[in-house]
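In order of appearance the chains are A, B and C, and numbering begins at 1 in each one.
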Amino acid sequence: MDFLEYIRLVFTDYTLRTITLGTAILGAVTGMLGSFAVLRKQSLLGDAISHAALPGIAIAFLITGTKDSNVLLLGALISGLIGTFWIRGIITKTHLKSDTALGLILSLFFGFGMLLLTFIQKQPNANQAGLDKYLFGQAATLLESDVWMMATVTGICLIILLLFWKEFKMLLFDADFTKTLGFNTKAIDILITSFIVLAIVLGLQTVGVVLMSAMLLAPAAAARQWTNSLGKMVFLAAIFGALSGVFGTAVSATQNNLSTGPVIVIIASVFVLVSFVFSPSRGLLFKQIRFIKNRRDLKLNKTLAFMYGIAETHENISHPHTVKILNNFQGFTKGTLQKLVHKNYVTLEGNMWSLTKKGFQAASNLYNQQNDDE
Amino acid sequence: MMSSAQIEIQLIASLAAIACAIPGTFLVLRKMAMISDAISHSILPGIVIGFFITHDLNSPLLILLAAATGIITVILVEYIQKTGLVKEDTAIGLVFPALFSIGVILIAKNANDVHLDVDAVLLGELAFAPFDRFIISDIDLGPKSLWVIGSILIVTIGLLFAFFKELKVSTFDAGLAASLGFSPAIMHYGLMSIASVTTVGAFDAVGAILVVALMIAPAATAYLLTNNLKRMLLYAIGFGVFCAISGYWVAHWLDASIAGSITTMLGIIFLLVYLFAPNKGIIAVLYREKQQRTEVSLLTFLLHLKNHNEEEERHVNHLNEHINWQKVRSKTVLELALKNNMIVVDNNIVSLTEKGNDFTSQAIDYIITNEDAEIEHMKDDFFLFRG
Amino acid sequence: MAQKIAVKVDDLTVAYNYKPVLWDIDLEIPEGVLMAIVGPNGAGKSTLIKSILGILKPIAGSVSIYDKPYEKQRQLVAYVPQKGSVDWDFPTTALDVVMMGTYGSLGWIKRPKQKEKKQALEALEKVGMLPFKNRQISQLSGGQQQRIFLARALVQNASIYFMDEPFQGVDATTEIAIINILKELRKAGKTVIVVHHDLQTVPEYFDWVTFLNVKKIATGPVKDIFNDDNLTKTYGINYKVSIQE
C-alpha cells in the first residue's frame, strides 16, 4: 500500500478512519496532559507508570479471560496507580531518591508483567494471543468502541482543563502561593495526576507500555520551544501529539511488520528536534546567530566608545581625526568602520573620520548604560 | 539432577547479576538510576548496527559499538540539559525512546537478517544461551555468553579494586574528589562506560528492561539495609545472585520467562526489605515516626511550661484549648511526661519538676546551638566516609 | 498606646522530620508596623511565616488574624514567597503572574475579567514594571522578578503582607523601589512582615523587629530592642561577623 492510496483510504475506509481518528485523539490528549507532566518536573513518572501498567493487563486477563480492552485497561489503571503510590511511598518514607524509586518500580513491575505474559502464552488456552500488542502498541487493533472511550475521556479532560485552568496554572507555577489563597492544592494535584495516569493507560493499546512516556513528553517539549504562554503550549502540544499519532499510524500501516509505537515516537522526536533547532526565540540555531551578532555588536560598540573617548576631548565633537589613531585600538577593523558609516554614526573623508551628532549621542548613551549596569 | 545446560544458565545469570550490581550500586548512590534505564534502551540501535557488521551477537566489536551508543546517550542527555531548553529529567525521557524506537524499527525492517526479535530485546534469550558455544579448534569452551559476561565481570572487578577509593570519594563528595585530584568527569564517564558495557553484555542474557532491574533493585535493596559502601556492594551482589538462581527455578516451575521471574524475585526481595528492614523499612519508619511525634510533642509541652509562669497557661485544659492538640495526643503526652517524672500536676496546674527543667534546658541548648550535633546527624546519614 | 493586634501567634511549634525548628513561639504583631524578622540561617524565619500562612503544618499552636482564626481571614493576607521558590522558566508573562493575585478573591472556577486585569496593570505600574507586562518572566532580571512578585501581592489588596527575603539578589534600584512601596503600605495602615537578612539596614527600613532563633528572642520597636544584647542572644558570639557581611 503506498502513501497516496493510504490517504484516499483514510477518507473512504471505515476501519482506517477509526484508527486514524483514534491515534489523533490519543496524541492530542497525551500532548495536552504531557505539558503538565513536563512543567511539574515529573517527566519520568509517565515512564514508570506505563511500565507499571503491564502486570495489571496480564492479571486482568488471567482473572477474566477476556481480551476486551476496557477490562484490560482497567487492570492497567489499577496497577499503574499502585506503582505510582509505591513510588511516592519509597520517596517519602525511605532515603532512596526519586530516580531509584522510578527505576525500581518501572523495571520490577515490567519484569513481573513479562513473567505473567510468558506464563499466559504457555497456557493451553487458545484465547491469549494479542496481549503482546501492549508492549509496542498496535493501532490496527483499535475498535470503534476504543475510540469512543478515548473521545469521552478526552472530552471530560478538556472540560476539566477549561474549568480549572486558572487553578492548574497557578498550582504549576507556585504551589505555596496557591495554598495561601485558600485553594485545596491536594485536590488539584490529584486531579492532574489522575488524568495523566488515565491518558497513559488509554495510550497503551496504541503506543505500548515501553514507549508511552515519549508520547507524553515529546509533544510538550516541542511545544514549549515555540511559545511562552501556557495556553498556547498546551494547544500546540495537542496538535503535535495528534500529528505524530496520525503520521505514525499512517507509516506503520503502510509498512509491513512495524508496530505503531516506535514510529509514532520517531515522528514525535522529529518534532522535538526541529523545535530545538529552529524555534525563533529559544532554538539553538537562532541562539547561535544571536550570539555571533552580539559579539559583533560588542566590537562595534567598543570602537564607537573608543571614538567617543577621542571626540570628547574636543569642543567640536565632529572634529575630524585620522584613521590611523584607530589602529591603536584592538577591536577596530575596516569592516566595523564601514558599518559605523553605514549607520550614520561616523563620516569618512579621505583618511579622516569624524563622529556625527547621532554617533555621539549613541556613544554617550552606551557610556551611561555601562555606568548604570555597574 | 541438574543438566549442564541448567547449570550454565544459572552461572550466566549469576555472573550477570554480579556484573550489574557493582555499577548499579554506584548509580543508585549517585542518583543516576534512570540513566541506566536510558542506556539499556538506547544501546539497541548500536546492537543492531553492530550485528549488521559482525553478524555475531557476542562479538567484542558489537559490544564496544553498542556500549558507545550508551555513552552517546549520556552525552546527548547532558547536552540537552545544558541547553536549558527542557528541564533535567525531560532530556532523558526524550532521548532514549527515540533511540530505542530506531532500534526496534531497524530490527523490524531487517527481520530476515537479524535474528533478534522484539521479545529477545525485552527479555533476552537466557534459555538459549547454552546453545551458542565458544569453540576453538574443536574444543568446546562453554557458552559464549558465559565468556562475554565473565570477561566484563573480571574487568569490572579489576577496576573496582583499582579505583575503589576514588570512586568512593567522588560519589560522596565530588568537590573533595576534585581537590584531591581525581577528575569527577573521568570518574563519571568511566562509570558510564562500565555501565554501558555491562548493559550490553547482560542485554543478550536478560534483555533491555530487565538489565535495569538487575542494576537498580539489588543496590536499592542493599541501601535499605546498610550505609556502608563495601557492605552495600556485597549485599547487592548477594541479592542479585540469590534472585538469579531462585528466579531461574521459579521460571522452570512456571514454564515462563527466566528474566521475568528473576525480576519478580528481585521485586519480592525488595518488597520484603522495604517492609521489614530494621531501621529503614517502612514498618520501622512508621513506628519511629509515631514515637518521635509523641516525643516532639512532649518537648513542646515541656518548653511551653518552662516559658510560661502564668497559671492559666499551665492549666491542664490549656493543653487542648491553647496548644491546639487533639485530646488523645495531649493525654498521651501528659501521661508520658508524668511517667518520666518531668512534671507534677497540682490542682490541675502543671509544673516542671527539677528533672523536667534540666531536660528542657538541655534540649533547648541542643536544638539552638547544635550546629555540631546537626553535622553529626548528617554524618550518620552520609555514612560512607567512615568506611 | 491601644494598637490593634494584626497577627497573633500562640505557642507555635513546628518540626521538620521531628526535629523542632520553631519552638513555642508567642508573637503579637500590632497593626500598621513594618516589621523585620531577623535571625541566623536555619533560625526558622521562613518557617515562621510559612506556618502562619498555613503552608506548613505546625505540630502545636494557633494563629489568629485580627482575633479570628487564619483560615477565616485569608483574604486579609498577602504573601510574597522567596524568589527562588518558583521556576522562572515557566511559560507565562509578567502580567499573568500578577493576575494570580486576584485568583484568591475570585475563588474556584471563576475567570479573571477586565476588572481584575485593570487591578493587575495598576499594580504593575506601581512597581514600575508596566512596560514589561508582556515579557516572559524568564526574560526579567532578578530585581524585576521580585517586583512582579510584589505586584502580585499588591493586587491581593490585603491588610497584612508577608514577604520572604524580598531583598535577596536584587539590584540597588529595586531595593529602594521596594522599600518605598513598603513604607507607603505602612502609611496606608497596612501591616508588613518581612524576613530580612541584612542587619545593617534594619534601623533604616523598619520600625518593628523580631529576633528569632528557633525560639523567639525578642520582639518590639526597633529603637527599643535593636541592640547588641539581643543581637548576641540571637546570633551568638558570631553576630559581628554577619553584620560586616
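FYI, contacts are C-beta pairs under 8 Å (C-beta built on N, C-alpha and C of every residue); 3 or more make two chains touch, one makes a residue touch a chain.
Small disclaimer: the values here were computed from a predicted structure and weren't measured.
With respect to inter-chain C-beta contacts, which pair, B-C or A-B, contains the greater number?
Higher C-beta contact count between the two pairs: A-B.
Of the other chains, whose C-alpha centre is the longest way from the centre of chain C?
So the farthest one, by centre of C-alpha atoms, is B.
I'd like to verify one number: the distance from the centre of chain A to the centre of chain C, where each centre is the average of its C-alpha atoms, in whole angstrom.
Here chain A and chain C have centroids separated by 35 Å.
Roughly how far is chain B from chain C, centre to centre by C-alpha average, rounded to an integer in Å?
Once rounded, the distance between the two centres reads 40 Å.
What is the distance in Å between the mean C-alpha positions of chain A and chain B?
28
Multi-chain contacts in chain C: which residues touch at least two other chains?
Where chain C meets two or more other chains at a single residue, that happens at 87.
Mind pulling the residue numbers of chain A that touch at least two other chains?
41, 224
Residues of chain B that touch two or more other chains: which are they?
Chain B, residues with two or more chain partners: 87.
Can you list the chain C residues touching chain A in their complex?
Residues 50, 53-55, 71, 74, 77, 79, 81, 85-87, 90-93, 96-97, 100, 103-104, 106, 108-112, 136, 152.
Please name which positions on chain A make contact with chain C in the complex.
39, 41, 163-167, 169-170, 172-174, 176-177, 179-183, 224, 227-230, 232-233
Looking at the complex, which residues from chain A come into contact with chain B?
38, 41-44, 46-47, 51, 89-90, 93-97, 99-100, 102-104, 106-119, 122, 132, 135-136, 210-211, 213-214, 217-218, 221, 224-225, 255, 257-259, 261-263, 265-266, 269, 272, 276, 282, 284
Which part of chain C faces chain B closely enough to touch in the complex?
Contact set of chain C toward chain B: 10-11, 13, 15, 18-20, 23-24, 26, 59-62, 87, 89, 213-215, 236.
Please output the residues of chain B touching chain A within their complex, sorted ascending.
Checking each residue of chain B against chain A gives 28, 31-34, 36-37, 80, 83, 85-90, 92-94, 97-98, 100-102, 104-105, 108-109, 111, 118-119, 122-123, 209-210, 212-213, 215-217, 219-220, 223-224, 251, 254-257, 259-264, 266-267, 270, 274, 280, 282, 285-286, 381.
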